[in-house]
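The same chain A turns up in both complexes below, where it pairs with chain B and then with chain C.
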Partner chain A sequence: MSGSKLASVEAGEASAAPAPIARKTPFNVLIVGVGGQGVIMVSKVLAALAQWRGFEVKQSEVHGMAKRGGSVFSHVRFGERVWSPTIAKGEADVLIALEWAEGLRWLPYLKPATGIFICDTKRIVPPFACLNRKPGAPMRYSRETAEQVANYVAEGYAIDATTMAEELGNERAANVVLLGALSTALDFPIADWESTVSEFVPKKTIAVNLEAFRLGRTWIAEARSPAPATGTPPLLPLAEVPFTPRLEINAAWCKSCDICVKMCPERCLRLNDDRIAELANPEKCTGCRLCEWLCPDFAIRVHLEAQGKAAEEAAR
Partner chain B sequence: MFTDAPNFDVRDYLRLEMMPHFLCPGCGHGIALRALLWALHDLAIDKDKLAIVSGIGCAGRLSAYIDANTFHTTHGRPLAFATGLALARPDLHVVVISGDGDCLAIGGNHLIHACRRNLKLTCLMLNNEIYGMTGGQVSPTTAETRLTTTTPLGNNEPSFDACALASAAGAGFVGREVTRHVPKLKELMKAGLEHPGFAFIEVLTDCTEVYGRKNELGSSPEMIMRQKSDMRPSAYRNTVDTPFHPTSLPTGILMQNDRPEYGAAYRRAAALAAAKGAKK
Partner chain C sequence: MHTPRSATEPLSRDSSELRPLTGNEAIARGAWEAGVKVAAAYPGTPSTEILENLATYPAEDIHAQWSTNEKVALDVAIGASFAGQRALCAMKHVGLNVAADAFMTVAYIGVNGGLVMTVCDDPGIHSSQNEQDSRIYGMLGTVPVLEPSDAQEALDYTKLAFELSEQFDTPVILRGTTRLSHTRSPVAVGERNPPPARSFIEQPSKNVMIPAHARGRHVVVLQREAKLKEYLASAPINRMEIDDTSFGVITAGTCYPYVREVLPNASVLKLGASWPLSEQLLREFCSKVDRVFVVEELEPIIEKEVAALGFKVAGKEFFPRNGEFSPEVVRAGFVKAGILPAPPLDNGWTPELVIRPPVLCAGCPHTSSFLAVRASGARVAGDIGCYTLGCLDPLRGLDTCVAMGSSIGNAVGMAKAGETKPIVATIGDSTFLHAGLPALIDAVYNGANIAVMLLDNHITAMTGGQEHPGTGKTLRGEPAPRVDYEALIKAIGVKWVRTVDSYDLAAVHQSLREAIAYRGVAVLISNRPCVLDPVKIKGPPLQVVTEQCTACQSCMNLGCPALTWSDQWFEGRHRVQIDPALCIGCTLCAQVCTIDCIKPTAPVTA
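Showing the complex of A and B:
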């Protein structure tokens, strides 16, 4: 964190940095999400603010995945004195997650007795969660409900920050909604939060981001009053399979080379007794066309028939 | 992933009466042919405006299967025929299909001068590291230690990096791809076909029945699966002073520049000569 940048945070107010609040043991905030969601921005705001409040701050992050949709995290620790830049398992006071499964992934880092879990219900399904390559196939994404997770944490909030931000007209402000939620866990003055947020967002989006910040803050306040808020994230609807693959195999051209059989990612082809390629497991075929492309003898043609249309034609 | 593929049926571009083709089971040349026909389809090149010129060999044989204007010439000379054709008929897309023996051994001189002129042509060299058609003699790209009928104790000559050769000789476009990655190969061919100068594309293909069998490289699918590993030292190694990284197999567009294309200069000179002739 650069000192000069911080000085400009409240430049207009010409005020000195407020006296530090005593915090002997460092306060640990773990911010996690998926590349591109704004994890680093959240941690920068927090770190800048904590430094402005007179704390020593250490921040460490992984951001190499930013463009790849990979797992991103940032550790922010602040207090009178901070030695290690990373938070150990079971040591986070607050875990703030911009994506549902990422939040669950990091739960073991939360302090078991007092840790606060604030998690966006936004789901970003990683490619490797696909059970197979068929369009619309079920996902191996976490199926835990917010209610189930609530049993594991001292205090937990499943907040649909992405939709809230969308409703404000800027989906990208979801991370600031979560910052607003985070602000309720810390005793920093609201004015300091808002001036720091304004410093870190693009000039043109200051208004919408401040709105997002307040929304996140009031959401938590409201959720706190009756009982810890829970909202079950909706299960992913299975996309409709748009077509059924059908293989046309020309026995007269097939030379039994075995390439299609061995290269099919789903292993659904075989050579029959005459050593001609045939589709042994049609239900597994995804229509990927690899067999068609790699057959040196042009003996395979994959037809992707729009669902329903095939039936229609048969009826005619 | 499914874009434009559904519209492409390779049979629309084949001479069906010639099928099945004469290549051995698993021969990579068939896959290379599909990629070419797919590229031509994607670019919507009119068959009547397409001229395929090939030499002799299993690779050279491919022209016979393509439903377009095809010209099956003599061993090593397709580039010479193609040069004449491209100069006389700039309205045609001229595509040369050649083998490693055809293009680098007997036809090596034609290749370097075609590169030097940078006439608008697309030259595909299907490199299977062997003279496939004549039963498996050593070729200029056969890797060291490999067995061929003419190197029964293992080849002890260094091999050419054909892409390094072509770029050093002045080709405007140089690329390489393996047959395993058909869509990538197609895209590379499209880029080559669209290049305004001489485009040289090396396709690493498998001669399963002769080279593979002789060197115990496994079944056809096994050969395809090892395409990016140990099979192609000729394309990785510093056999000539290669500008391309020797540690991993470089594929894709390796070099592209906008050197002046030769056809335009030739036609200007021809027009000048015609004008002079008319004065006399």
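Showing the complex of A and C:
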């Protein structure tokens, strides 16, 4: 079990009983994640429970692109009277994130003074983050550490729910671990939570999901105690490695097949007037060597000329 | 795919009569309660779930079907109305463009059985190619437009729409938005109460629109609008809530809760029908308040009507004409107008945001098609579907995308205009049957030199996996005849037709080269089922032999979500790793690997 408390509040203060639900003004829970993680299931459980408890509930999400790995969010609002189905920026009482970068994306929606941030440390790196072929190019993914995030939230928890669920034998129950964590922020009876969870998960997985739910609850209780666990592992730091790519094209061997021209991911090659391959945009070349690998006539060689000693060491 | 809890399912332990329904579920429930006999649609986000939910009601109550396109769906509904039954046709906003031909004339004909078109707009363009305002169609066709603001109203207005349709002899548009369709809120449901049976009425002057009849019908339509305005002047769905009279807000649909959220004590005219607008009602409200605002998403339709009556009114001056509204947008407008104080500053959080657009799934059969298309160096006319995502990095395989079925017509035009690159049109199976077939006939007839890639994944994938005439199943999952694409395409005169396995990259490459080389229309069918629907495909994953990987990142050209950088690196670049939970074992990455270091974790079976 790993993860950490991000809280900047005093330990004693945080270990108090969960705040009672504001009955007059709606209670706002924003649930975010990546398509396929079970965001909608979490929001359905919460919405069903809140409605059963007699509140007016509005639950809003946008379908359509959700299954294709896009960013997914669901707003749940409940209270005596709820107008807007969506939560405005800065008005979420709780932000539940099933993925780390998605949690950070939606942070501005939390109430600055009182909002509770519960975030899985699971990282789902989109293919877009890994498209830069330049040597030493950084992955385009959130670099903020849990400690940095802590400065922006009133009360926050980074919880490795995915690993916890894996240890229970069902990785897909990670969302229910987070639901267990969420349950501590509300004063609904535990039995109601568990019966609602049982209603919304597949019959065969009720036992493991209930276990996951309890695990989430106890984890939060432990995280509220004075000694927080160690911080989340930050992303691997990347050294900038200044390579200069240089292409050596043997004109005598090139037969103008233009495979290199068409397959270059940066589209920086072309056939010149003599129909021989040449590097048209040297500044775009990342030295990825694809043209070298793909050339059927061994006419292309890519040289990566390292700059400075550090680069040489890094290349080893 | 999560299955929404069906409205027909009994609630196990609900203390009240209220059920949590989405707007789409509520519309379906309302239609069922209103006694709808026939419902038809072509899937389109956000309207898709209306028909999916209608199909959960008993088959003896209602015939629900997927049609090949929205025009056909509306024609089916019109036919049912002719036959005396209540009929519903659901579509997204751009679907109404397809159905507009039939719509504009059925507006003249009117109805026998009630006819309701539920049209779901997509302000904010969550999942569409534009954000047109369908209320304008109400104005254009002189047809009433009802706008529910939540799921309860979605149910009530659907029932009302059928009443109005029969009472005023008009089709009725029930206009929703993405937010209405996909927001769940409590709904009190009722029982099914079909109207007394009607039968076909032989009345050619009303039902056969030749010029002589149409001239007379247009007069009737204009009289109908006058009667509707009279009704709407005092109809309970147009509600005046008078409180603070220093200013008043006219609003409709999903904007109403946003207005109430930010201005709980304002005087509001909440219009349940946003077309036609009763001048009498607008005058009455405007004269009760000192200053008038109109809050409406997209076009300033209500605002222009109010201004035309001579009142000073503010709308698009403070509230944008594009994008989806939200409490923030409405608040910002009233702050700008000096009605509300500026909100406090936020928590100052400005992280570097991770770009996470929707992508083709791991193992998506479209991936190889677009790799081949890209390598062909062709000019590519794209179409509407998951494969439109092929325009994004790293595939960058599309040059154009206009509307459903446009790819083939666009390709013909480019060829005829003398585009020097070879021309390829890419179109999905469902889109091809929707609107691509007439364009393909056009291409053959006019002797265009194009290659068409029919991306056959055996499902309507983008909207979440709906059946169509090429899948062999109906909306209710019953077996149906299946379109034989090769035979169909040959029958319209295409001489070069070939089917290729999408997972055989070399074959896809080679076949596409041949298709392009062929002079005339060539159709290449890239054939593999969608990995998500109707069944989720998951084979043994592949793995990278890390120490062999030269970090050429050739496989990263696939844009596969299962492939990411590992923390190992080579010559300053990250080596690649495969997420076994996402990888379905399609082997495309192994096929492009330059040094053959991607290996199966288990023996691969065909």
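The rule is simple: the second predicted complex is superposed on the first by the 205 of 316 C-alpha atoms of A that agree within 3 Å, B and C clash if a C-alpha of one lies under 4 Å from a C-alpha of the other, contacts with A are read in each partner's own complex, and residues count from 1 in each chain.
The working rule: contacts are C-beta pairs under 8 Å (C-beta built on N, C-alpha and C of every residue); 3 or more make two chains touch, one makes a residue touch a chain.
Since this is a predicted model, take the numbers as computed values, not measurements.
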item: Which of chain B and chain C A:280 touches, first, second, both or neither; value: neither
item: First, second, both or neither for A:85, with chain B first and chain C second; value: second
item: First (chain B), second (chain C), both or neither touched by A:186; value: neither
item: Which superposed partner A:256 touches (first chain B, second chain C, both, neither); value: first
item: First, second, both or neither for A:142, with chain B first and chain C second; value: second
item: First, second, both or neither for A:296, with chain B first and chain C second; value: first
item: Between chain B and chain C, more extensive residue contact with chain A; value: C
item: Contacts of A:208 with chain B and chain C, given as first, second, both or neither; value: neither
item: Interface residues of chain A shared between complexes with chain B and chain C; value: 258, 261-263, 287-289, 293-294, 304
item: Residues of chain C that touch chain A when the two form their complex; value: 1-2, 5, 12-16, 18, 20, 45-46, 49, 126-127, 150, 178-179, 182-186, 254, 257-258, 260-261, 264, 326-328, 331, 343-344, 346-349, 351-361, 374-377, 386, 389, 392-394, 462-464, 532, 550-554, 556-557, 559-561, 563-565, 567, 571-574, 581, 594-595
item: In the complex, chain B residues that touch chain A; value: 1-2, 5-6, 9-11, 14, 19-21, 23-31, 34, 179-180, 182-183, 208, 219-222, 224-225
item: Chain C-touching residues of chain A, taken from the complex the two chains share; value: 34-35, 40-41, 44, 47-48, 51-52, 54, 56-71, 82-86, 88-90, 101-102, 104-105, 107-108, 110, 112, 125-131, 133, 135-137, 139-144, 152-153, 171, 199, 236, 241, 243, 258, 261-263, 265, 287-290, 293-294, 304, 311, 314-315
item: Chain A residues within the chain B interface of the complex; value: 252-253, 255-259, 261-263, 287-289, 293-298, 301, 304
